Structures are given as structure tokens and as C-alpha cells.
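These are the structures, in C-alpha cells.
After this come two complexes, each holding chain A, first together with chain B and then together with chain C.
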Partner chain A sequence: MSQINRIKGGLIDRSQSLDFTFNGKTMQGHAGDTLASALLANGQVLVGRSFKYHRPRGIFTAGSEEPNALVQLRTGAAQEPNTRATVAELFDGLAATSQNHRGPLGFDMMAVTDLLSPFLSAGFYYKTFMWPKAFWEKLYEPAIRHSAGLGRLSMQEDPDTYDKGFLHCDLLVIGAGPSGLVAALAAARSGARVILADEDFAPGGRLNAETLEVDGMAGADWAAQTVAELASMDNVRLMTRTTIYGAYDHGIYGALERRTDHLPGAGGKPRQILWRIYSKRAVLAAGAIERPIAFGNNDRPGIMLAGAVRTYVNRYGVTPGQRVAVLTNNDDGWRTAADLAAKGVEVRAIIDTRDAPAVCDVPGARHVRGAGVVDTSGRSALKRITLTDGQMIDVDCLAVSGGWNPAVHLTCHQRGRPVWNDDISAFVPGRDLPQGMVVAGAANGQLTLAAALAEGREAANAQVKDLGFTASRKAAPKAEDEAYEGAPKWHIASGKTRAWVDLQNDVTVKDIKQSHQEGFRSVEHLKRYTTTGMATDQGKTSNIPAMAIMAECSGKSIPETGTTIFRPPYTPIPIGALAGRARGTDFRPYRLTPSHEWAKANGATFIEVGNWLRAQWFVKGSEAGWRDSVDREVLNTRQSVGICDVTTLGKIDVQGKDAAEFLNKVYANGFAKLAVGRVRYGIMLREDGICYEDGTTARMGENHFVMTTTTANAVLVFRRMEFARQCLWPDMDVHLISTTDAWAQFAVAGPNARKLLSKIVDDTQDMSNEGFPFMACGEITVCGGTPARLFRISFSGELAYEIAVPARYGNSMIEALVKAGEEFDAAPYGLEALGVMRIEKGHAAGNELDGRITAHNLGMGRMVSSKKDCIGKTLSERPEMNREDAEKMVGFRPVDRSQKLIAGSHFINKGDEANMANDQGWMTSVAYSPSLEHSIGLGFIKSGDTRMGEIVRAVSPVHNIEMEVEIVSAHFIDPEGERLRA
Partner chain B sequence: MIIDHPLLGPRDAAEFIYLGDAALIDRPDWQDEDAADKFYEYGYLRDNIAGKMQELWYHEQGDRSWLVVTRDTLTHEITDVEMARNVARARGRSK
Partner chain C sequence: MPDFTLISAPPLAGYDRSFGDIQLIAPTDLAIVSIALPLGGEDAAKKAIKTAFGIALPEVGMSNVAKDKTSSIMRLAVDQAFVLFPSATPDAEPQIAAKLKGAAYTTDQTDGWCALQISGPGARRALERICPVDLHPNAFAVNAVARTVMEHMGAIVARTGEDTFLLLSASSSAKSFLHAVEVSAQNAT
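Let's turn to the complex of A and B:
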């Protein structure tokens, strides 16, 4: 097939021929073509099947408002469904396929649904597929989803990359049509920083599609000249292929720039960039969108909006047909006829719904006054139209104009409501615009060229003056105001023949009338019931006609019927662009501990803990399963010495004259009297009295404390402490710095911990039990002068220390510790062994502090000081939170020691039925204790502290398992604490 | 949204953490006779105003200032931004 519909003229580059394929068939186009214009040039009128009835469909528009011509672009992983052929720029090698049909496009086996259409009207699935109930999920819905639909995903990972960026400007001009270009130029001449963005690859807007003149030259030439001038100015950023898709608060706009979609490959560059544009002011010059008229069988390929026909003829040098008729309710439609005739295309008739004289002379065309089209024929392409008076005309293209709707979308993104303008029978922007925005040109209802140019200039000048710039005095370019008058006509009575309002969702005039009859009076209900205005085009061509028909049904005017407003995005945004670089493991970058590389080289398996990766266990020798490694690490620590990286714990440096008093406020227990050189365990409450955090704080000096927090709460604790410092006690002299990243910290635990550390710590520090007792802390040096901090604290229950060095020494420190520990068989241990040992010792952790637990539940009620205020104190004293029979934290062991406890089990007294009424509490943490050689657990059970030795049942309905357990002390190991004080 | 930080100038709202009603500054005195009732109101009864509201925002991705932002919850218009510490002092808070 050759380019049978290619005619003279246009803005395409005929010296560059581009090969592309459609459904495997090779065709040619030129640089400057869209896929749509190239398909039309090749006479490919049928391009897809409709969503619901699988009706043959063609190209309906020449822009981003396209409802019909949705295609799949490219192949393999890069395949992209639901792309509008009207905005897809042609490149050499482009492979496009049509969507939503089974079998070939010309003979879609699913087209049978069209014959069933009497049963498939608005809301059919709410009514038809009701019974039997179970059939909906299993049969009806899958069948409907299979038959209705758009394109298919490749089901492979997106091979492209996407970026995000931020831009700032004084004035953002949205749309590079006549008013946008004038606005950008005026603002740029004042010296303001201007961003001019347009979704098209060729700026100029309608100037590229019309034969109008500006300043005595062809409109497209004037646009090119203006763009060149703007491009030469340093204070202008010209962004083509960029859609401003959303207007957000305070002058922020979202923009999608398509960088490589028009190229055969991305070449390693980002395919698209999602910009966030911070503007002080904006001019919306988004133009207008033509609307159709509904009539019988108005959806056949070859029926197209009149303005789009002009675009193809004037901009792309393509005629959508060889024998054309025009159906219009306004003067603008006549220009399509005139432009076609000027290019030598046969115009057979101009059917004007108004009974009015000819607007202009169109050679060879019959003028049919006060008439309409009621039916069409042609199975896969238009062949003939039937007029209201019954006469038939053979045509292969019908250009339809129902008037123009200003593109008010972005004016609604902050809930602005458009207002009805009777002069142009359309909604125009209302008063409540997004902050800093003014609207100019066709988007503001100025549908003629001279008026649009003048308003663009005025709008920009007013905006820059507001910002303190001196507006340029240069006048707007000269142009004529073309004829644009019209009389509203939304649909033509076509008997029983279906007349389509929303082509994308297959909604007909009858569907809208039916929805009215069924009582859907609100526009929003109409949309949801009929699905008008949904999917990729968001009703850009169908919303207003649908509302107009609804207004007719109710006998009200359109503004009385209501309006609909728009949400972002203006056009679809790929999920990949929203994700940007945040994909896979880059979605949330890992934080690595200072010993990470060392751990990796020494057999560590890692686990995510918040943002951190922590060593879970270290495989040694022939250990086959994780339990082998964990059991060995626990026993080695308890019998000799183990080393664990605890850098991930939050560290907050607290300094100031009131630091001690401040800690008294944020901790439930007292810190004011903590001696210098000593560490204390503390718990923190929320203001509602629930315990949310525990940790240790060391007093390094009179006015200097070092707090540690749990890994998970490091950020939250810091935030709440800043709140307390700034908002609650603003005059306290206290300052906070997070030093989590500044220090590498290692726990050294076990009977040989002191001996090991004595080899590392410089002699200036007395390491004896008397010289550095349990809960001591100090600034020391290690390895011959390296500054360090030493804390004698124990999470494992063993004789233990935590040693901190500046983070840059972390890797050396782990190596030094392991080397010094060789003679004691010191071994690193991971998070699992740490967890086992804290359960053996009965320390609460995240499993216990689950947001419902009080200090009373933990058996720490007396730690909440009665002598001082602290956050959470007052509400923690509520009687219900201090009941005698409250759940208390205790230990559990299976009566049959060979059984494995299950975390999450609930406790039921012996002989009671296992239900919530008899619930006694729940198991929070379980582990296999290699020290005791059986399973152990921690949990909360009513009055647990007074029930030692009692046997209850641990029931897990989820696992369908229950077992008898004995209530024991939570301190399975060394309950007297002799080891840690040794 | 853009919050005009008193010290740092206009900053994107994405840099902030939102807390809520600035009434959270007015923490009751624990030694008041009806402290329990007052803390109950402070902790649980919060106004959720459709219109101008004083709110607490925390510049976590910035200088860690707590700010009191006067914002219209219907239009998102921000009419005042103050350092929360100054607001707290003005409301009589000290140590």
C-alpha cells in the first residue's frame, strides 16, 4: 500500500521517509508525521475495536483527546498499550498493533457482542449478572473482563529508565499555541524567567493546523519564528513534548516530558522525566477541544472531528478521505470544507444544522441547510451517509463540528468550577483558579485568533507586572478574527439507530436517556452509571455532549444540570514515570553497618531491619541450617564470648544545662540523679500512657548524655524529643543531635568479654569489675589512642560491654575485636542469636511493645515516677490501665519439652472452651533455647506475676494447634543477674 | 504546598512531617486538681476545622524546627508561619 491519501503541503519533511509497521504490514510515512497521520496517508482508516461492543473504529481527532485510536507501540518488554496514535510521533522502525480484538482486526470474533447490545445497555452488569450470586466472581466478571478491555501489558519488566526533576520559574506558560507563544514572548521580554511547555513536538498549536495569517505571514511560519526567538533567550526554557498534567497547591505544577518516545531507542537515556515545576505565576493557554454531534451510527471509521480533518490536511499533508462531507452547527466547520477544497479534495456536501446562508463559497459542495445526518453505512469504513430528509450521499469521510470547548481542565485541579458561557455554548474557567494562574486565549473562551493573541499578551504582562517586572510595550501581533458563530446542537434524532456520545466507553444517547429515566439526576451519578468520561481520554470529547443530553431529558439548562470538574492527570502518566528511579532495591535504599563488608566476607546472611541490613547469622564450616548457626552463636557467647554489630540502634546526643531535667520529662523513670559515668535503663510513654520505647542512656558528663533508642524508633523518638524541647519546654537549655551514623558500636558479650576487651582498650582505663562495674560508662581510647566510648550494658544477660568508635573505624574495630578474641574462640553473632538471648533473659522488645502495652503490663509500673511529671504520666494512672488482673509479662515453657511454642498463640485456662470470652492473654516471642535445650516463650497473661507454675493451654486456631504450657519467670537464664555483674 | 519557613524561606511541604492541631502545645499541668480530665481532653479531643487552622509541622528533612502554620484546610492557603518555640513561649510555656 502506498501513501494514497498524501496530498501537497504540510509541515512534514518529505525528504525523510520512515518505515513503520501496523499489525505487521509495512508502511511509509515522513518525519513530522504522527502514527495517526501516517496511517491515514496509507489509507488505513480502520485502526481498532471499541471497548464494549468491539465496533470497528478509526481515528477521530488529531490530538491528546483521542478516544478511539488506541494502539500498542513497540514490541517485547518495551511494548506499551493504550497509546493514542494521534500523539505518537513516527520514527523509523516503529511497530504498532491494534487492540481489543480476537482474530484479525478486520474480522473480530468478539464483534458478536455488538449483536447483543440490546442486553448490554448502561448498568447492564448491575442488572443482568445478579444471580446466582457466586457466578459473579467466578464466571461473569472474568468473562466481561476478557471481552471488554484495552491493550495488553507485556508482563515483562519495563526496560526503560525514568527520571524526576525540579524546575523554578517566574512564569509558567502552559500551551504553545498563539496565545501561549505571545504570552511567553511578552513575559520573556520583561526579563522574567519563563518556562513554556507544550505536549506537542511542534510548538504552534492550532497555527500549525490552520491557514490563518499572523503579522502578514503564514501562522505556522510566525510560530516557528517566535519559537526561534524564545529559544535564543537565556531566561526562557522551551519544553516541547511536555504535558503539564496537574495544577497543585501554591503554584506547583506536574509535568511529564517525553524525552525518547520519538526515537527508535532510548540509548541509555531516561525515557521520560517527571518534573515538578515551582512557578510564581502561570498563564494557562491550553486551547480548546472540538466536540462532536451525536447521530445514528456516528462511530464508523472515516467520521472525524472537523478541526482534526483540517489538521491532517494542513499540517500533515494528508486527506482523511477522497469524498468528504461536513456536518456542522457553526461557522468554524465551514473552514474545513474550504481548506479541503483549496487542496483539491472533493467536498460533496456541507450539512449545516442551522437554517442559515452559506458562510463561505466552497466550490463543488452542496449546502444542505437546517439538516443533519441520521444514519451512516459501511462495515469497516464509512461509505454513505443518510440525511434527515432521507437523501443519501456517498462519502468516505465525514467531518463533524459541534463547536469548541475551552480546555479548562487545569483550572479545576484545585476544585475550581467552570461557568457556562452562552455566547460560545461552552464552559469557561470560573473565578476560583489555582493560586497564581490566569487563563488566556481559547482556553478562556476567546475562540478567535486576534482575540487569543491579544489576551495572551495582556495576561503575561499583568502577571509579570505583579511580580515587579516592567512589562514590554510591544503590541500583540496582527491577525484577523475568524467567523466562529454557532447554534448548539448536541444530537440529531436518529430513530432507533444508536448514536454514540462517548466513543471510548461505547455510551450512546439512549444510555444517557435511560440513566435519566432510572433516576440518576446528578452528573456524577450519570458518569458512574454509564461510564461516560472514564478511561484514557477522560471524556475530553464526550463529557459536555453527555451533560447536554442529560439537561434535555430533565428540561433544564446545562448550567442548571451542573458541571463536572477534572482531576489530574490531564493525560495518562506511566506508572514508571511516577516511580522514577525508585524501583527494585532502589525503592528504598539500604543503610549498611560499618561492619557490613566484613560480615559479608564472613558468611553473614542479612535481613532488613527498617532501612538497615543487619547480619542475621553467620554460617561457619558445614552448618546446614540457620538453627545450627544460631545455636552455636548463642552457646559460644554464653560459654566464652561473642561480638555483635549494634550500630543500628539510634543514638541521640543530649547536651545542655537542663539536659538531666529534660530526660526526666521524656523518660518515665528518673534520670536527674544519675551519676556521671553511669548508664540507666529507661522507658518512654506516649502521652496516653502506653509504653512505646525503651533503651539506655549514659551520663558522659554533668550536662552531657548519650541516649540509645531501638533501631525502629530512632527517628520517632528524636522527633518527639524535639517536640518536647521546642513546643512543651521551650526555655530548657538542651540540645539534641542524632549521632546514629557517627558511631560504630559493637556488643562484646560473654564470660571472656573483659579479657578480650582488655587487649584492645588502652591501659589508661581500669577494666576491673570495681574500676568499671555493671552500668558504668566512659570516654576511653583503644588500640593505642583511638577515641572510643565504653558502656557496660548487657542485652544478652552475660558479662557484656558495648564499645563505640567513630564510624570510620568500624570496619577496623570488628577486625581488631575478632583478632583479639581468637584465643577465646570469639565469634560474631547475628540478629537471631541476639533475639534468642534476649528472650532467654526476659527482655521486652518490639514484639512486646506493640502499642497496647503499659509499664504495668511489663511489670515495670513502679518505674513510672510518682515524684515528677513526664510525658504519659497522668494518663498512665487511669484505673483501667492499672487493674490487678491486667495481663503481665511472664515466661512460658511447654509441659512436653519437645513441643515447639507458637508466637501469637492465645492462652486459655485448662477446661475452658477456646474462645475470646475465655482469652487469658497471648504469646509474643518464642525461641528455641540452646542453653535450656527446649522451646521458650514470652507473653502476657492475666495476673501472670501471681500464677507461677500454673499450667494453661496455648491455642493457635490459625495453625490448629494447642499445647499445655507452664507459666514461669521471664528470666530463663541467670534470674539473679550474677553473670552480668561478674 | 510550600511553607514559608521563618528562617529558611519557602520550602516544599514534602520536607515536613505533619502533626496536627497546634493545641498540642498547650499541655496541661500534671499537678492541677483535674489534671486527669485535662489530659484526657488534651490527648483525645482535637478540633478538625474546615477553614483556618493552626497546625504543627516539623521540618524533619531540614533544620528540625517545629513550626506553627496557619493554614486554611479548605483552600490550603497559608497565612502565617511561626517558630513553634516562640508560640509556646507566647502561650506562657517555659521550663
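Let's turn to the complex of A and C:
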């Protein structure tokens, strides 16, 4: 097929021919074409099938508001459904296919739904597929989804990459049409930092689509000249192919920049970039969107908006038809006829719904006054229109203009409501605009060129002046105000013939009337009942006509009927762009322990703990399952010595003259009198008295403490302490800084821990039990002078130390420890063995500190010192939190030792029914104890501390398992703590 | 002679790569020590800093090079600053503590951070992909410093030259941080 509809002129580059395919058929276009203009040039007016009735549809607009011409672009994994042909830039090799039809586009088997349309009106699904209920999910919904819907996903991973970024400017100008260009230029001349963004690849907006003049030259030439000037200025960032899709708080805007969509391949670079633009001020110059008039069978391919017809004729050098009629309710529609005639295209009639004289002379065109179109014919393309007076005209294109709606979308993103303007019969921006935004040009209801230019300049000058810049005195460029008068006409009574309001959702005038009849009268109900205004175009061409028809039904004015406001995004944003780089292993940052490389080389299996990757266990020799490794690690530690990287625990350096008193306030137990060189275990409460954290703090000097927190709470504790120091007690001399990552810290635990460490620690340190007793700490050196810190603390319950060296030595340190421990069969242990040992020892951890637990529950009520105040103390004293029969943390073991306890089980007294009324408590942590050779657990049970030896049932309805368990001490191993002090 | 010797292996040691007009280097042996000004002892601490480094403590959000050019000080908060200087040995904190003679609290931060220097005409183009801070020359002067977040990682960005920035982030996530900066440089060239 040749480009039968290509006519002279336009802004395309005819020296560059581009091959593309549509449904496999090769066609040609030129650089500067969109897919839509190239399809029209090739005479391809049928481009898709409608959403619900599978009606043949063509290209309706020339911009991002397109409801009809949705196609699939590209092939294979790169295939993208629901792409608007009107904004897809043509490139060599572009492959496009139509969507939503079974069989060929010209003969869609699903078009049978159109014949069933009397049964498929608004609300049909809600009314019909109610029964039987069970059928919905398995039968009705899949069937409906299969028959309706638009494009199809490739179901393969997106091969493209995406990025995000941050931009800053004094003034963001949204839209590079006449008012946007003038605004950007004025602001740039003042010296302000300007970002000018436009969704089109060619800035200029309507100037590229019209024959109007600016400063005595063609509007498109003036636009090109202005863009060139802007591009030469250092303080201007010109962003084409960039949609400002959302207006957020504090002058922040979301923008999607399409970097490579117009190229055959992305060349390894991100296809699209999602920008966050921080602007001090903004000028919204988004223009206006033409609206249609509803009449019988107004959805046939070949029926288009009048302004779009001008765009194809003037910008792309394409006529959408050879025999054209214009249906208009305003002066602007006449320009379509005039422009077509000027290019030699036959204009058969101008049907003006107003009974008024001709606006201009259009050679050869019949002027039909006070009339309308009531029906059309032509199976897959328009052939004939029927007017209100019954006369028929053979045409292959009908250009329709129902007036223009300012594109107020971004003014609404913070709940701003547009207001009705009778002069242009449209909503214009209201007063409550997003902070820092002003609106100019057609978006503000200034629908003529000279007015738009003047307002763009004024808006920018006011904005930059407000920011302290000296506004440029240069006058706005000269232009004429074109005729734009109109009289509202929303739909033409067309008998029983369906008149379409929302082409994308197949909503008709009748559907809206039905919505009214059935009581769905507010615009919000109307939208949900009929689906008008939904999907990719979000009703850009249909919302106002739909509301106008609802207003007619209810006998109210349009503003009385309601306003629609808009949410981001202005146009669809690919999920890939929202995800940006956050894919695969880089979905989020990961943190590595200092001994990670060594662990990786020595059989570690890693587990994510927050962002950390921690060694879970180390497989040795022929160990087949994780339990083999974990049991060995536990026994090896209890019998000889084990080594574990505990760097992930939070470390906070606390310094200051008031540091001791500060810690005394943030910990529930006393810290003021902790001696230098000693460590103490402490618990922290939330303000509400719940215990949220436990850890240790070492006093390294009179005014210097090193706090250790749990891994999970490292940031939370720091944040709360920073709040306490800055806001609660600003008079205290306390300074905090995290040193979590600065020190590689290793637990060395087991009866041989001292012997092992003595080989590493330099001789200057007395390692004897007397010289460095349980809960001692100190600054030492290791391996011949490397500074280190040593703490004699134990999570495992064994004779244990934690030793810290600067993180850079971490990997080397674990090698040294393992090597030094060879004679004792020292072995590393992972998080799982650490967990088993703390359960054996009865230490609470995250499972127990679940945000509901008090010190009283933990059996540590007496640790909340009565001699001093601390955060959370007062509320921890509430009677309900100190009940005698409160759940207390105790240990559990199965009566039948071969049974495996289940975490999350609830305790029920023997003989009671297993329900919540009889709930006695719950199991928090369980493990197989290789030391005791049976399953053990920790949990909370009412008055647990006084029920030792009692048998209760542990019930897990989820697993449908219950078993008898015995209440025992939580300290399964070494209850007297003799090993710790050995 | 001890039986064991520890070998230093900072996470980004030796990294040096170019992406078009962007150079990315991990500075070697960059020591970092934090200084906290005692409450009520600020003047004495500032005086001690002046004596030790020959320069006044910079304003919050600014840094300055010491008089003898061997170190620089970044002021990160009203009561907090970092001293950065080359030192291969793990004794950075005692070095600074000795200079300040007890007038301020010091904490060794060397191993807590990884550092990347990004430079070249394209440095800002790369950083705008991850850094929320406005790095325009007029908005972020030479010697300016800011704490921020890049790709979910806490970070410090300092402008150390016309087109040169020093980035600091947590050492445990150094690989993720490097990846974030590398991808930015790749994407922006």
C-alpha cells in the first residue's frame, strides 16, 4: 500500500523514509510521523476493536488523549500493549499490531457481542453474574476478562531497563505550546533555572498543528526558533518526550521521560526515566483537549476530532480522508474545513449545530445551519453520514468539534476543584492550586493564540519576580486572536441508534441515561456504574460530555451536577518505570558482614536478616541437611569452642559528661553506677511501658559507653535515643554515633574460648578469669598491636567473649580465629545455632519481644528500677500490665520427647475446649536441642512462673496438631550460670 | 612476632574506573574521625580545632581543608563534624584525640564508611540519577556537604572540586552503593 493520503506540507522529513509493519503488513512513513499519522497516510483507518462490543475503531485524536487507537508495539519480550498510536513516534522497523480481536482485525469473531448489546448495557455484569456465587471466580470472571480487555502482556521478563532521578529548578514549565514556550523564554531571560517539559517529541504544541502566525512567521517556525534559543541557554533544561504526570506536595512533580521509545533499540541505556522534579514555582501550560459531540454511530473509523484532523493535515502532511465533512458547534471547527480546503482536500459539508452565518468561506463546502448528524454507515470505515433533516452525504472522514476543555488535570492533583466557565462552556482551574503553580494559556481557558502568549509571559514573569529575579521586559510575541465562539451541544438526539460518549469504555448516551434512571447520579457513581472515564485515557475526551448528559437528565446545570477531578498519573506510567532499577538482586541494598567472603568460601548458607546477609549455618564434610550442620555447630560450641560473626548487632558510641545519666534514663534498669571496664545487660521500654529492646552496654571510660543493640532494632534504638537527647533532655551533654559497620565483632564461645583467644590477644592483656571476669570489657590489642575491643558476654550461655577489630580486618580475623582454634576443633557457627543456643539458655529475642510484652511478662519486672525514672516507667506501672496471672515467659518440653514443638501453638489446659476463651498463652520459639536431644520451646503462659511441672496442651489449629507439653524453666542449660563465669 | 597477622581489606579497595567523561575512584587509606562538641564546651572545642587544624570549624553543611592541607573537616550537624585524612594505620581516632587534647569527643568512623570520588564533566549527570540533593554549582558550592539518601542508603555528598564529589556511605552496603553509583555513571554516559 502506498501513502495514498499523504499530501503536501507538514513538519515531517520526507528525505527519510521509514519502513514499519501493521499486523504484518509493511508500510512506509517518514521521520517526524507518529504511528497514527503514518497509518492514516497509508489509508489504514481501521486500527482496533473496542473494549466491550468489539466495534471497529479508528484514530480519533492526534495526542495523548486518544481513546481508540491502542495498539501493541514491538514483538517478543519487548511487546507493549495498550500503546497509543497517536503518540508512538515512528522508527524504521517498528512493528505494531492491533488488539482485542479474535481472528483478523477486519473480521473479529467477538464482534458478536455488538449484536448482543441490548443485553450488555451499563451494570450488566453486576446484575447478571450474581449467581451462583461460586461461579464468579472460576468461570464468569476469567471468561469476561478473556473476551474484554485490550492488549496482551508478553508474559516474559521486560528486557528493557529503567532509571529514576532527581531534578531541581526555579521554574518548571509544563507544556511547550505557545504559552509554555513564552513562559520558559521569559523565565530563562530573567536568569532563573528553568525546566521546560513536553510530552511531544516536537515542542510547539498546537503551533505545529495550526496555520497561525507568531511574530510574522509561521507558528511552527517561531516555535522552532524559540526552542533553539532556549536550548542555547545554560539555565534551561529542555525535556521533550517527557510527561509531567503528577503534581505532588511542596512543588514536587513526577515526570516520565521516554528516552529510547522512538529508537529501534535502547542501546543498553534505560528506556525511560522517572524523574522527581523539585520546583520552586511552576507554570502549567498544558493546553486544552477537544471534546466530541455524541450522535448515532459516531464511533466509526474516519470520525475524528476536528483539531486532530488539522494536526494530521498541517503537521504530518496527511489527510485523514478524501471527502470530508465537519460537524461543529463552534468557530474553531471551521478552521479544519478551511485548512483542508487550502490543501486541496474536498470538504463536502460544514454542519454547524448553531443556526448562524458562515464563519469563513470554504470553497466547495455546503454549510448546513442549525443541523447535526444522527447516523453514519460503513462497516469498517465511514462511508456516509445522515443529517438531522434526513439528507445523506457520502464522506470518508467526519471532523467533529464540540469545543475545547482546558487540560486542568494537574491543578486537581491536590484535591483542587475546577470551576465552570460559561464563556467557553468548560471547567477552568479553580483557586486551590498545588503550591507554587500558576496556569497559563489554553489550560487556563485562554483559548486564543494572542491571549495564550500574553498570559504565558505574564505568568512566568510573576513567578520569577516572586523568586527575586528581575523579570525580562521583552514583550510577548505578536499574534492574532482567532475566532472561537461556540454554543454548547453535547449530543444529538439520534433515536434508537447508539451514540457513544466514552469510546474507550464503550459507554453510550443511553448508558448514562440508564445510570440516572437507576439512581447512580453523582459523577462518582456514574463513573463506577458505567465505567466512563476509566482506563488508559481516563476520560480525557469523554468526562465532560458524560457529565453534561447527566446534567440534562437531572435538569441541573453542569456545575450543579458535579465536577470531575483528576488523580495522577496524567497518562499511563509503565510499571517498569515505577520499579526503576529495583529489580532482581538489586531490588534493595544488601549489607555484608566483614567475614562474608570467608563464610562464602567455607560452606555458609546465607539468610537475609533485614538488609544483612548472615551465615545461617556452615556445611561441613558430608552433612546432608541443615540440622546436621546446626546440631554439630551447637555441640561443638558447647563442648569446645565456636565462632560467630555478630557484627550485625547495632553498636552505638555514647559519649558525654551526662552519658551515664542518659543511659540510666533510656534503660529500665540502672546504669549510672556501672563501673568503667564493666558491661551490663539492660532492657528498654517504649513510652507505653512495653519492652521493645534488650542489649548490653559497656563502659569504656568515665564518659564513654559502647552500646550493643539487637540487629533488628539497631536503627530504631539509635533514632529513639537521638530523639531523647535532642528533644527530651537537650540539656544533657550526650553524643551518639553509630559504629555498627566500623567494627567486625565475633562471638567466641565455649569451654575453650579463653584458650583460643589467648593465642590471638596480645600478651599485655590478662586473660585469666580474675584478670578479665564475666561482664568485663576493655580496649586491647590483638595479633601484634591491632587495636581491638574485648567484652566478656555470652548469648550462648557458655564461657564466651565478643571480640571486635576494625572492620577492615574482619575477614582476616575470622581466618586467624579459626586457625588459632584448630587444636580445639573450633568451628564457625551460624545464625541457626546461635538461635538454638539462646533458646537452650532461655534468652528472649525478637520472637518474644513482639511489641506486646512487658518486663513483667519476661520475668524481668524487677529490672524496671524503682529507684529512678526511665522512659516508659510510668505507663509500665499500669495495674493491668502487672497482673499476678499475667503470661510469664517459661520453657516447654514435649511430654513425649519424640514430638516436635510448633512455634505459634497456643496453650490450653487439659480437659478444656481449644478456643480463645480458654487460651492460656502461646509458644514463641522452638528448636531441637542437640544438647538435650529433644525439642524445646519458649513461650508465655498465664502465671507460668508458678506452674513448673504442670502439663498443658500445645494446640496448633493451623497444623491441626496438638500435644501435651510440660512447663519447665526457660533455662534448659546451666541454670545457675556456672559456665558463664568459668 | 605474633602467630597471626591481620590483613586490611576495605570493601572497595583499589576501585578505579572511568565511564566516558566520568571517573570513579575509591580513595585509599581515607581515615574518618567524628568530633562531637561538648555541650557548654563548644567554644573551647572550636578553639582546639582552630589550634589543631589551623582553620575555624566550618558552618553546618560546609567543609574546609586544614591549613597544612593534610586533612579536611566536614561539619555535619551543630555538634558534629568529621575529620578526613589519609592514614593507613588503624589509629585514626587517637591521632585526632591527641590533637584536640580532650576538648571534644572523638569516635573512629574510618571502617564504618566506604568512600567513592566521582569526578568529571558528567559527574552531576550521573549523580542526578540517585542523589536527591541539588548539586547545581550555584546551589551546592565547592566545599558544600550534605547528608542524604541514595538508593535507600544513607550517604554524605561533599563537593570537593569544580566537578568532583566525595560520596560516603555505610561500609557494610559498600557493594550496593558502588553498584548504585556505577549504574548511574553507565546510564548517564
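We take it that the second predicted complex is superposed on the first by the 982 of 982 C-alpha atoms of A that agree within 3 Å, B and C clash if a C-alpha of one lies under 4 Å from a C-alpha of the other, contacts with A are read in each partner's own complex, and residues count from 1 in each chain.
Operating definition for what follows: contacts are C-beta pairs under 8 Å (C-beta built on N, C-alpha and C of every residue); 3 or more make two chains touch, one makes a residue touch a chain.
Everything numeric here is computed off the predicted structure, so don't read it as measured data.
Asks: Looking at A:G784, would you say it contacts chain B, chain C, both, or neither? Reply first, second, both or neither.
Replies: In the superposed model, A:G784 contacts chain C only, not chain B.
Asks: Looking at A:D163, would you say it contacts chain B, chain C, both, or neither? Reply first, second, both or neither.
Replies: So A:D163 only meets chain C here.
Asks: Taking the superposition on A as described, I'd like to know which of chain B and chain C A:T710 touches: first, second, both or neither.
Replies: neither
Asks: Quick one: classify A:N297 as touching chain B (first), chain C (second), both or neither.
Replies: Neither chain B nor chain C is touched by A:N297.
Asks: Which of the two partners, first being chain B and second being chain C, lies in contact with A:A807: first, second, both, or neither?
Replies: A:A807 contacts chain C only, not chain B.
Asks: Under the stated touch criterion, which partner chain does A:L728 make contact with: chain B (first), chain C (second), both, or neither?
Replies: First partner only, chain B.
Asks: For chain A, which side has the bigger count of touched residues, chain B or chain C?
Replies: C
Asks: According to the stated criteria, A:Y278 is in contact with first (chain B), second (chain C), both, or neither; which is it?
Replies: both
Asks: Would you sort A:R193 into first (chain B), second (chain C), both or neither based on which partner it touches?
Replies: second
Asks: Overlap the chain B and chain C contact sets on chain A and report the shared residues.
Replies: The answer is residues 278, 658, 731-732 of chain A.
Asks: Could you pull out which chain C residues touch chain A in their complex?
Replies: 1-11, 34, 36, 38-41, 79-80, 90-91, 105, 107-113, 128-134, 136, 138-139, 151-153, 170-177, 179-180, 183-184, 187
Asks: Name, in rising order, each residue of chain A that touches chain C in their complex.
Replies: Touch list, chain A to chain C: 161, 163-168, 193, 269-270, 273, 276, 278, 581, 586, 588-593, 611-612, 647, 653, 655-658, 703-704, 731-735, 737-744, 759-760, 762, 782-784, 786-787, 805-813, 816, 819-820.
Asks: Which stretch or stretches of chain B touch chain A in the complex?
Replies: Chain B residues touching chain A: 1-2, 12-13, 17, 19, 24-25, 27-28, 30-31, 35-36, 39-40, 42-44, 56, 58, 60, 64-66, 75-78, 83-89, 93-95.
Asks: Which of the residues in chain A come into contact with chain B in the complex?
Replies: Residues 248-252, 278, 414, 435, 658, 661, 687-688, 715, 719, 722-723, 726-732, 869, 873-875, 877-878 of chain A touch chain B in their complex.
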